[in-house]
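Same chain, two partners: subunit A is paired with subunit B first, then with subunit C.
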Partner chain A sequence: MKYLLQRIAFYLFTAWAAITLNFFIPRMIPGDPVKSLLSRFQGQMSSQAIDSLYVLFGLDKNASIWEQYFDYWKQLFHGDLGLSFTAFPSPVSEVIGSALPWTLALVGITTIISFFLGTGLGVLAGWRRGSWVDGLLPATTFLSSVPYFWLGLLAIFLLAGPNSIFPSGGGYTPGLIPAWDQYFIPSAIQHSLLPALTILISSVSGWILSMRNMMVTVAAEDYITVAHAKGLSEKRVALSYAARNALLPNVSGFALSLGFIVGGTLLVEIVFSYPGLGFLLFRAVTAKDYPLMQGIFLVITISVLVANLIADIAYLLLDPRTRKEG
Partner chain B sequence: MSAEPVLEIKNLNVDYGLGDQAVRAVRDVSLTLHRGEVLGLAGESGSGKSTLAYGLTRLLPPPGVITGGEVIYHPEKGDAYDVLGLSDRGLRDFRWAETAIVFQGAMNSLNPVHKISTQLTDVLAAHEPKMSAHSRTARAREMLKLVGISADRMDAYPHQLSGGMRQRVMIGMALILQPQVVIMDEPTTALDVVMQRQILGQLIELRERLGFSVIFITHDLSLLVEFSNRIAIMYGGRIVEEAQAATLYKDSLHPYSAGLLGSFPALRGPRRELTGIPGSPPDLKGMPSGCSFHPRCPKAFDPCADTIPILGHPETPDGSVRTVACWLHPAAGSAAALASAKEQVS
Partner chain C sequence: MTIPTSSIEQVIPEQGAMAQPDATPPGKAKRSRFRFVSSGKALTGIVILGIYILFAIIGPWVAPYAPDARSKDLVSPPSGAHWLGTTHLGQDVLSQLLDGTRTVMVVGLAAGAMATILSVLIGVTAGYLGGGLDESLSALSNVFLVIPALPLVIIVTAAAPGGGAVLVALIIGATSWAWNARVLRAQTLSLRRRDYIEAARATGEKTWRIILFEIMPNLTAIIASGFVGTVIFAVTSEITLAFIGIGADTGWNWGTILFWAQSQQALAQGAWWWFVPAGLAIAFLGTALSLINFGIDEFVSPRLRSAGKTKIKTASGHTVRMRVGFTPVLKSTPVVRSKEAAK
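Here is the complex of A and B:
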């Protein structure tokens, strides 16, 4: 318990450091957002509007950097991440809020499927070395080494088209209004199939490979021989003794990959013009939308930290050796 | 001690690998374990002792293959059967219930992610499915008490126990189904000498109480002389000498046994030079011709390099049964083989 509290304290400190950096970095970039907004409106703004924009962006000249810093924290606690330039005048939190569910649903579900599928196949491949599952490995490894954007483009080229059930991009059929109804949901699922498939293909082999190799390592341990000698059933030896121990590194890998769900899928979403967070980040970068970038980075940072904490807790639960007494 | 056999190994051969590349780790080993007996199996590293133990329980890791022989097991009730001919199901039932093993690595024999209690009770769950969960736990507690570990360690994980405690847990686990045979594969190698004695003493005491037979594998002949009834010496995959412990200690026939005995000091008796055995264990891939010990043997003579000595009963003055495979002490009937070998040479 003490260990867990220590970890939580550590993550809180890291989160503070990340948020502070997130505050200072845009302020070190030359120029300011109002000027770039000004150029977007090609100077057609009154000086009053410019002044109020400075106040809106929290850049009124009178405030010292410390006052700004405290204001920034105050706003954060209210969930206020500032205003986006590109989607002006929508607040950043709203823009991110509309993109996040897409990414979470697509990448989240595929990551979970990929982990369970890959780990399961890895257990089989490691336990029955030389079987057909083992023969699958070179193929999956080849597919995962294909650059992702190329795989995505290839999938669009080969599978998507006017007569195909796979749309070539977007999150849903244009014209539909996002809602939980019988028109929108099937369309959203249909649009997510191809990106999900490509993510699955490129990520599953990592899980298979690491699980298989751990299984092979663990299978050589003395306690596996003991389990066999005890006359336990093959299934119990494979799952409760071998896989249970081989799983440990994979579980922490899985928890970490949960953190990258949010930010690590830039390419997928660009290739498929998927309305998720990665695509949003891409647009924010090309449009120099600093508040939006800042907001997305914050979300990514926090999700990675939370994933790390989950990894720690999962390890604590799964491996008694990491638990400290007292 | 009854002379009734409980485990008979007949002409067991174990190879690692297949075909020409195969390494013949155990060759033509015949050994009988009697009920209630402690049979010591000694030899250098790579002499095939552990392979023999793994072979007779069919636990050989790949590429180990049993290429021939029989392992006849005599259960307490019922007919004897060949372990090597058992079905998978039959083998699972045989393992641990009839022959339990205490392995070399005291440190790694327990699954690190499960509690001691889980690992003790899952044997019971596998072999006695009708037993209730409560009585399983009770039995596990009883076994821990038997090996001198307090029952509150039931909920401990292996890493919370010392090496000696872990090995005692393993011994308790080995005895939980009251097997007829317990194979000890260098059970105390990872422990210090004090713990070694304590555990072995306890084991012998338990054996007297529960009446199981032990095959005790070690490279430490001094331990065997003290704790076992009979000793078999292995060299290069073969048994080269087998005798009662006291007989072997006082009067070993094979030069290799003599070499092993000469490499540790005696506690009592006159001072003597510790000799050791020159050279190194043979390469199993390229065994010397004839007696595999002859390149290292101080007493090697004519026939040793050409003809493999037969394991047989030499003439003993007191008439005790012992076997040795050495041309210095040719077994009855092997004189003819020697003569024909000489003919071939000349």
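Here is the complex of A and C:
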């Protein structure tokens, strides 16, 4: 329990650090970014939006930096992330709210599948060191070096097309209204197949490799030899003795690499014009929509922190040593 | 987007499960330092990396055209005049690729160097000095480890307009040191309790001297492996930034090529020559760097090497799998099928 509390305290601290970072980044922009933005959005902004921009960039001369910082927190607790000016007059929180489920579904499901598939194959590769599975290692190295988004481009080029079952972009067939019905759900699944496949192919190899290396390390331990000497079946030794112990570092590795994976999947969304956070971030960057960018960064960071916490709880369940009091 | 493939336990051979007696005879220590090159993987990686560095130096000079020179052949497939075809403005893809190599390599190596310096400063200091400083530095690196790096790099770079390649390298370097710092701290922690460090302290050597001359040489492999890993991350981040159109003022790099290919509908036009070469260039560079890292990892902990043939057939037709730490008891003698036995 103490372990869990420590982790929660750490994540709270990290969340605070990320939010503070988020507060200061727009204030480091040299010059007066609001003026240049105003000239780009000539006459399309309400005075309220302009005010909120001045507050965002810290150009609100009436308030000290501390007052601004406290105001920022006050706004956050109200769920107010400012106004987006590409989707004007929608608030940022609303824009992000509509994109978040797409990313959670796509990235969440594929990451979990990739972890289990990769770990399984890694157990096999590590246990059967020297068999044909080792021959796959260079191939997985190559695949994990390919940028996610380029693999996506290739997938669209090779597999998608007017006559293909894979659509080349979007989250659902245009014209459908997002709802839980028999028209929308199959269309959404069909559109997510190719992005999911891309993420799966490029992320699975990392898990295979790390699990293989852990298995190779664990397979040389004395308790494995003892298990063999007791005459236990090969399968039991491999799974209950070797894999169970090799899994622990992989689970903590899972937590640590989540940030990398999320970064990569955002790009896949961009390539496939998938209506998730990545594509939204891309549009925000292109339009220099700073409030939206900041909001997306915050939401992604918090999601990764929550996922980390879940991985920690899984670790707690898997490793009895962490449950020991004192 | 390389996932760190080795956990701390694997990188640090002397700790816990990986404890192994040092078999190297003392006289050969000097020669063995570069022996990792002799492993096939590392050698392949170094050769490929060498080719990339060569092109980074001579690329812009040997390129047949200027990277943004237009011509009349719009979106034409590879031909004698344009080996890798042309873009929507008739620009030569091969020239863009060659010209971009320099930016990619410079940013990758600069960011890698910066992250390595930061990680050594933070990791070794935290590990050696310990106490409250260690606590706060560890917390700092854990925070940077958990915050998703790519979105952070994106919003920082987007907020700093017109910085050029150096700024991009600085930003990537400043956000990607945490993993290495963590690994280095763990290893320094284990080193500082060794006898020879205690001896150095007892003879009154200064702290900076102990860190620099007693501890650092023993961290070489880890620092090198961390550097290579960061370069991989920096190269992909940089290309990614260019691909989504940030930092476009850094000159041509492979991401810029992909950016134009994506925005000018290269996919719909079937112009594979436009985006395939750039992606392959990234993939081969990443593979080369990963191979070097495997070489270092395997040099440090030999168990990770791919084993040779481990299956043995016995005379009675059973197959037995040889395994580290486990000697199979065979009912009959194995059939040795190596060449030496045949003679």
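FYI, the second predicted complex is superposed on the first by the 255 of 326 C-alpha atoms of A that agree within 3 Å, B and C clash if a C-alpha of one lies under 4 Å from a C-alpha of the other, contacts with A are read in each partner's own complex, and residues count from 1 in each chain.
The rule is short, and it goes like this: a contact is a pair of C-beta atoms (placed from the backbone, for glycine too) under 8 Å apart; a residue touches a chain by one contact, two chains touch by 3 or more.
Keep in mind that what you see is a predicted model, and the values were worked out from it rather than measured.
Looking at the shared chain after the overlay, A:R236 reaches subunit B, while subunit C stays out of its contact range.
Applying the stated contact rule after C-alpha superposition, one finds that A:L256 touches subunit C and leaves subunit B untouched. By the touch criterion defined above, A:T225 reaches both subunit B and subunit C.
Measured by the number of subunit A residues touched, the leading partner among subunit B and subunit C is C. When the two complexes are overlaid on their common chain A, residue A:L318 makes contact with subunit B while staying clear of subunit C. Overlap of the subunit B and subunit C contact sets on subunit A: residues 220-222, 225, 228. Residues of subunit B that touch subunit A in their complex: 57, 59, 61, 91-97, 100-101, 103-105, 108-115, 122-123, 126-127, 157, 159, 170, 173. The residues of subunit C lying in touch with subunit A in their complex are 1-7, 9-10, 17-18, 139, 142-143, 145-152, 154-156, 158-161, 179, 232, 236, 239-240, 243-246, 258, 261-262, 267, 270, 272, 275-276, 278-279, 282-287, 289-291, 294, 297, 301, 303-304, 306-311, 321, 323-326. On the side of subunit A, the complex with subunit B involves touching residues 220-223, 225-233, 236, 240-241, 244-245, 248, 318-321.
Interface residues of subunit A, counted against subunit C in their complex, comprise 10-11, 13-14, 17-18, 21-22, 25-26, 28-29, 128-131, 134, 137-138, 141-142, 144-151, 153-154, 156-157, 168, 202-203, 206-207, 209-210, 213-214, 216-222, 224-225, 228, 249-250, 252-253, 256-264, 266-267, 270-271, 281-282, 285-286, 288, 290, 293-294, 296-297, 300-301, 304-305, 308.
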